[in-house]
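Below you'll find the structures, each written out as structure tokens.
What follows is subunit A paired twice: with subunit B in the first complex and subunit C in the second.
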Partner chain A sequence: MNEEFQGYKGRALQVLKRIGARVGDIVRVLKKGQKFEGILIPRSEFGDDKHIVIKLRSGYNIGIFIDKDTEINKIGPGVKPTFSPPPLPDQKTKLPRVAVLSTGGTIASRVDYRTGGVRPALTANDLYSVVPELSDIAVIEAQILFSIFSENITPNHWSQATKYVARHIKHGVAGVVVAHGTDTMGYTAAALSFALQNLPVPVILVGSQRSADRPSSDAATNLIGAVKAAASAPFAEVVVAMHETVNDQSIIFHRGTKTRKCDTSRRDAFKSINTSPLARFKNDKITMLTDNYNRRESQRKLTTKPLFEEKVSLVKFYPGLNPGVIKWYAENGFKGIILEGTGLGHISSRCFPIIKKAIARNILIGMTSQCIWGRINMNIYNTGRDLLKLGVIPLGDMLSETALIKMMWALGNTKDEEEAKRLLTSNVANECLCRTVF
Partner chain B sequence: MNEEFQGYKGRALQVLKRIGARVGDIVRVLKKGQKFEGILIPRSEFGDDKHIVIKLRSGYNIGIFIDKDTEINKIGPGVKPTFSPPPLPDQKTKLPRVAVLSTGGTIASRVDYRTGGVRPALTANDLYSVVPELSDIAVIEAQILFSIFSENITPNHWSQATKYVARHIKHGVAGVVVAHGTDTMGYTAAALSFALQNLPVPVILVGSQRSADRPSSDAATNLIGAVKAAASAPFAEVVVAMHETVNDQSIIFHRGTKTRKCDTSRRDAFKSINTSPLARFKNDKITMLTDNYNRRESQRKLTTKPLFEEKVSLVKFYPGLNPGVIKWYAENGFKGIILEGTGLGHISSRCFPIIKKAIARNILIGMTSQCIWGRINMNIYNTGRDLLKLGVIPLGDMLSETALIKMMWALGNTKDEEEAKRLLTSNVANECLCRTVF
Partner chain C sequence: MVTTNYKEIELKVGLEIHQQLNSEKKLFCDCLAELFNEVPEITFLRKLRPTQSELGQIDPAAFFEFQKGIKFSYEGNRDTSCLVEMDEEPPHDLNREALEAALIISLMLNAPPVDEIHVMRKTVIDGSTTTGFQRTCVIAFNGNVKTKVKIIPIQHIGLEEDAARKTGEDETLHIYRLDRLGIPLVEVTTAPVIHTPEEAEEVALLIGRLLRATGKVKRGIGSIRQDLNISIRDGALVEIKGVQELELVSLVVKYEVQRQLNLLRIKTELLKRGVKGEDLESTLVDVTNVFANTKCTIIRTALEKERHILAVKLPGFEGLLRKELIPRVRLGTEMADRARFWGRVGGIFHTDELPAFGVTIEEVNELKQRMNVEIGDAVVFVVANLDNASDALEAVKKRAKEALNGVPPETRAANPDGSTRYMRPRPGAARLYPETDVPSIYVSSKYVNNLRRNLPELPERKLKRLMDERGLNEKLAKQILDSKFSKLFEKAVEESQISPTFVAVTLTETLKALEREGVEIQKISDEQYLEIFSLITRGRTTKEAVPHLITWLSKNQGSTGIKAVKGLGLAMLSKAELEEIFDTLIEDNRGLLKEHKKKAFGVLMSLVMQRVRGRAKANIVSAIARKKLEEFDS
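This part shows the complex of A and B:
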């Protein structure tokens, strides 16, 4: 592929060649009285030959259909960002060491102004240069683990990330920051919560909703809060660090098993569900929001349980759900299913026969609620009681996503069905604020 | 089955016979120093022979294991509720006529004190007797449509409900109330929003989170708000009426396509998503919360489009989702799939090949976000753009549940794929606050 015109072909390529504009250059488009200015960015391989795509100053991309009334001009070359030499901390500094591991996603990236593409900017020097405040907080040890969109993260990536985090902790860092795309950051946070046990130091997942090259980016503030917590927070748990509100005044730390992305684009998209957040970073200070947490203790010996069983599925129930899909899972070697039921933990009785058969095949079936908030209670209505009798496992106030990952983890760590059930229903990482059942 | 001891067998049955307690009687249990008093209620057919179940005064049921240290006594017979004669409105009244149709669920039921079972209480006389305030608001025409738990509602029930609602509207009622279990009330509200077009009068779905025989029940207040709106609200749309907050001071009306149950048990479990509620009932007055709504106009001619295609599915994406499940739907005659993606509308690229094949078979594939709040935008990241190129249909800020039902409805109303796509992407019942795409 021609990198200078990456992805452009046919009519669009002809126009770009004619005006001498390459990917990364700044172009101005006039169309139907409207003016658009921005950086010409590459197209995906699925692109047609009739549009060009530019990244506007607002940070958003726009595709523009090229017809005879479209006037396109190159108005400047791509601006290369200048990197000031990083204010490297004195070698003899007493600043804590923090590992910053990147997996991809908006937080770990910035637009490369030459290609218009997004690339990870995660060497320690890059980080100090983009967020100079970090050099006052910690000595950063940066490492790129993966460079993928977070929707492409799989359970296998969780296992790998567990090993890398553990390695840095064993080498004595004060804490670990994992830069992650926000789309599946909640899932990865839950996975690491189960896989990293007996943590001596904090593990902070951090994302951003807008890339660092946009004026409104939350990347720098989130990263500062995350590194601050990794360096000096009193807790030793896996958390997600994001904006508390839409303004930049505080970063909030959500427990890894109790948080989900609840907005497609707001900076405060992550919420703690069925519990309060663990801590807050505001005015340069970290405040704990509960007394009930695992304390930082550098001598504590980390243990890892990094395996996840991929043959576990999540089925969201809805009126008209075809029970055949549960049958498909049961007949294709799946070892567990989380049912995301309605209300207190219900699904249609037309699914009961196949559930009975699946449980007879030793498939674990757990119940959560699609309501998100609140807890299931399968003792109130007949449907719940009937499901309990069939052997469906009630999962309290656990998030569906957390329940899915916990089941993958439980079945990844034992071949014994009863032991997996025991793990699933006991509290491992604050995922379930369970009431005693009489 | 012996009705007096319904569901009890073995050891439990022996104990009940010995103390002379039948289902419906009040019993007191002493166990390990704790005392439980309540109504003995029937057990399900899946029940063992070692527990009895009583309904406590709190309204919750509790199963008690019977061992040698359990002391059980009958302390009284079941109390039959007394019905005061309904304050029937004068035959010459000018009060509006309101149809109250029940489908089942907590709102439409009360405990039958003879059997401990829950049964619908939906004759007009029963309603006036349970909620005497109704007789000041409207002349009620009550009808039981179904008597099922709402998790057992199917698309076929939506078609039937559409016909019944339409029949009452054609007979000139001022509005229709549909009493519904809260578990799937949001789904039914969306279904009726698409199926009932050009509404002359309001259609109010109403539920309750606690049954009417519990002191803290929200059934009466919700029902009063619903009947008031059906009788006199200025709007003619399908809405859900529930508590606005946990207190009893206001009932809020959510648009049927923009609401979901967001808590398993709170009285204000329903929320309007990505929009403000339509109206509020407080201090005996209905206030509109927007100017942009369909006005009541009794001369307007209702049209119904009551058909729903059941071969449409909703797949919630998560890391590790096996693409085989999408293949199963594609190979089993499904005509449409809603993907509940992450963030702005993403799923793993390992699903791309099967999606491409499914679309080649003329299966409609739509994208929503599991974030719930916000809107998808598939033009920002490569994953989104690639999915658009494959032919995945972006569904803006539509709720996943609403998108599913809209696709069932679109495919139920036309065999023409292009027409179904057009319906899916145009605004039919305020389900999508769409921005123009350049």
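This part shows the complex of A and C:
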């Protein structure tokens, strides 16, 4: 995108070029006896090419339709916004060190009221300045890993993130916070859960459901909870830290392999599935919600298994699913398929022949349930028993997304099919629990 | 009140009128645009955090509240709030019904709409919106409205979401109800070209009437709020929020002028006494033990809760704290307002009003001694926990310093008696940034032209028509114009053959009288009124029965006019039934009728009408009476 004419195209762009006005410049528009003066504002890429947008002195933006009777003049250059951040809070060097890694999105930001732009706060100083409470919790080491939307994250990014997290842990931080867009935060959390083994300290993924530029954002409270946990929580696991409810009251920590975004919009979108959350942060205190967890132990030696096989897929069964879909994967070099079956773990018998062929080609096929909650059991109905006989691997109470990532990880870390199968069915990071507790 | 030469003091008033639209749905979601009074179904707790801007400006009052850890509790029910009001879901598209109403209002104010509407976020972190901003957009500029003598420019017509309404607060928690949040509001701003209190009221009335003429605005208390920007020479620009009654506008302006003039007099007096800013830097003193054995109940109760008493000396202020600015408001009151706002205390005590309230002269003397008071000094003290007491007195000191400059520019809230109270410091420049979740809206000239061709009748034209065509007198015509029944009136007159004046009287004076008697007239629907008028036209009931029918219908919701007629036994009597009544009455009153002979007709009519009023037409009754009397005489 052209920075000087952000979003402008066609007729509007021509006019702006002709008068030499760029985004941020002050322009005057005369039209039908009315006079408008203001700052030229970037135009949405989805807007048409017939309007220019200016910010009036009153602060309001309006779009002005450019026709032959519209007279536009540039009357002055833009004034660069000046920002004098409030004085930084005192650094308390005795506090635990926490690494805050960002992957894109903005966990903290400030608004440029002049243009309406939102600028992310990325350095440690930016973070202190925007969320001063952090300076009472930890000494922050900030690092930008990627600047991408979370839907553009790939397994390759998980591998890189694993290395960066490992590096910070080896340098002795008390914990790592990974700021992440919420859409795929559950996947990344699962990936890091498998890739980072023998964790000595916690790794906390954190996001927000309301953008950081608004006063009601959940970003700052989530971040405070995340940094607090990274600095001092008693556990050493990969977790997701988000609002527990719609109240700005408690931050809840979900295990990375057992959580899922269950609402498009709400602050409490993430839920722990088939298990209780690991811990809660409320009234400045972290409380463990289970006794069974991996304790913080700074002397423990971290090992990483950062590779993921990308030729693994997740197929959701639905009534009428064309077996040709599975066939395509089988014939295009895929090494594994996670099926999201119905109920206890079923798919139509129409798919049996291709499943049989795929397994014969050494393709791993695992079964999970699209019910989201509950455990599969393939011994109850004939369909299940038939699928087991074909060699489909039942994956217990595992989330389908977690199963997908686990299969990518298993196939990424071993070439031995039997070893991959064994990894898949054993409990590596609390993803596959033997008990279903009410 | 002293007469003031408003021209000489250069009074300037600008109006900002906020009027709720009566769209069915809210501005950015499909929730009902209504209030509720029941126990809330949903409650949740939030905090707001001032966002940093490149301009580095933060609303000082809001930032202060944030630092104090103020939390907000929101209450909602499921009909009037969804995830949008809860700020748990992005806004939906701008309500087109509301947009159209705002465009119509703009055109009636002669303001050309903008080509493309951009919704903005106006930062507001007092908790009145769950997002921390109010969604607002400008619809049109450069309109005007004409008074009898001049043209008042309309600077700005905006469309915005109403805020949540505060239903309670304590030191750390403010409670808001979500029902009002998101109700569409039109904002009309005049240029500050109004120069007298009466003119302010006239312009407010004019704009209000024009808004109502669209038929697209809500009515009733709270549906229109007038904000006033008032300044005088050497005074300051003071913004007064939330004048709900039109009749209060001129009084609020008068009081504000008087307040500013008196503050300027205080300034002159302070200068004469040689008081300077640095004199007001004195430290706060803990004087709790002065009141250890006090008989003042307020202080004693507070001290029992282990509160402290902090005091501050205001050199040179003696006598000025009790100086009345407007009725019941003194400089001391203004300091108390500040103390309440910034220090969350109940109020202040000051030496200008003591001894009183159980505080003895001995205690006052000891206090003065402790504070090293010299002649001409005043002392202010508060009873609270140390933190709040110190915030409160710092605010008092600040207000005292401001008195040296005359009038502090501030935002004040209107009281029902026309006086005002401190609300907050005037916010800095409006902090607006784009609401990126709502796409911009192109307003085509074809659409605008179409609206322009179909604009509602202007109020002054309608008034003339009501008088010329409907034959209403001016008073009735104005009443109909200002009532919410002007449409219903037209419809009733078109549909029935009753005199317009009777319809007008019914819809204004009769209803007002019934309301005074406690009849819940808001329960009557337009259809029910139309049915009543139609029943009269068809001879099924009489004009006299109307108040009874309305009362009956208000108690029997959902019923019909005809059922009311029957239920009240007001069905019209047949001729045979009437004759029977006559026969009985004549038989029972033979002596009386003979005795009165010449006046027998009048006597009989009065006897019969007592029995049949509302159930028979007078002309029919009199015809039968004449016939029956002839029979009687012969």
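Observations, loosely collected:
Keep in mind that, in the parts below, the second predicted complex is superposed on the first by the 336 of 438 C-alpha atoms of A that agree within 3 Å, B and C clash if a C-alpha of one lies under 4 Å from a C-alpha of the other, contacts with A are read in each partner's own complex, and residues count from 1 in each chain.
Please note the rule applied: a residue touches a chain if its C-beta (ideal position, glycine included) is under 8 Å from a C-beta of that chain, and two chains touch if they have at least 3 such contacts.
Please read all numbers here as calculations on a predicted model, not as lab measurements.
By the document's definition of touching, of the two partners only subunit C reaches A:R267; subunit B does not.
In the superposed model, A:N198 lies in contact with neither subunit B nor subunit C.
By the touch criterion stated above, A:S217 is placed in contact with subunit C alone, subunit B being left untouched. Of the two partner chains placed by superposition, only subunit C is touched by A:S129; subunit B is not. The larger set of touched subunit A residues comes from B, when the choice is between subunit B and subunit C.
In the overlay built on the shared chain, the residue A:Q249 is in contact with subunit C alone; subunit B does not reach it. When both complexes are overlaid on chain A, the residue A:E310 reaches subunit B alone and has no touch with subunit C. In the superposition on chain A, A:G63 makes contact with both subunit B and subunit C. Touch criterion met: A:G324 reaches subunit B, while subunit C stays clear of it. Legend: residue contacts after superposition of the two complexes on their common chain; A:T184 is shown touching subunit B, with no touch to subunit C. Applying the stated touch rule to the two superposed structures, the overlap between the subunit B and subunit C interfaces on subunit A comprises residues 44, 46-47, 60-64, 264-266.
Residues 44, 46-47, 60-64, 149-155, 157-158, 182-184, 187-188, 261-266, 269, 308, 310-322, 324-325, 328-329, 332, 340-350, 369, 371-377, 379-383, 385-386, 389-390, 401, 404, 408, 438 of subunit B touch subunit A in their complex. Chain contact summary for the complex, subunit A toward subunit C: residues 32, 34, 41, 44, 46-48, 51, 53, 56, 58-65, 81-86, 109-114, 116, 118-119, 129-130, 209-210, 212-217, 220-221, 245-249, 264-267. Contacts from subunit C toward subunit A in the complex involve residues 44-57, 71, 83, 86-90, 112, 114-118, 120-123, 125, 130-133, 136-138, 141-142, 156, 158, 429-434, 436, 439-440, 442.
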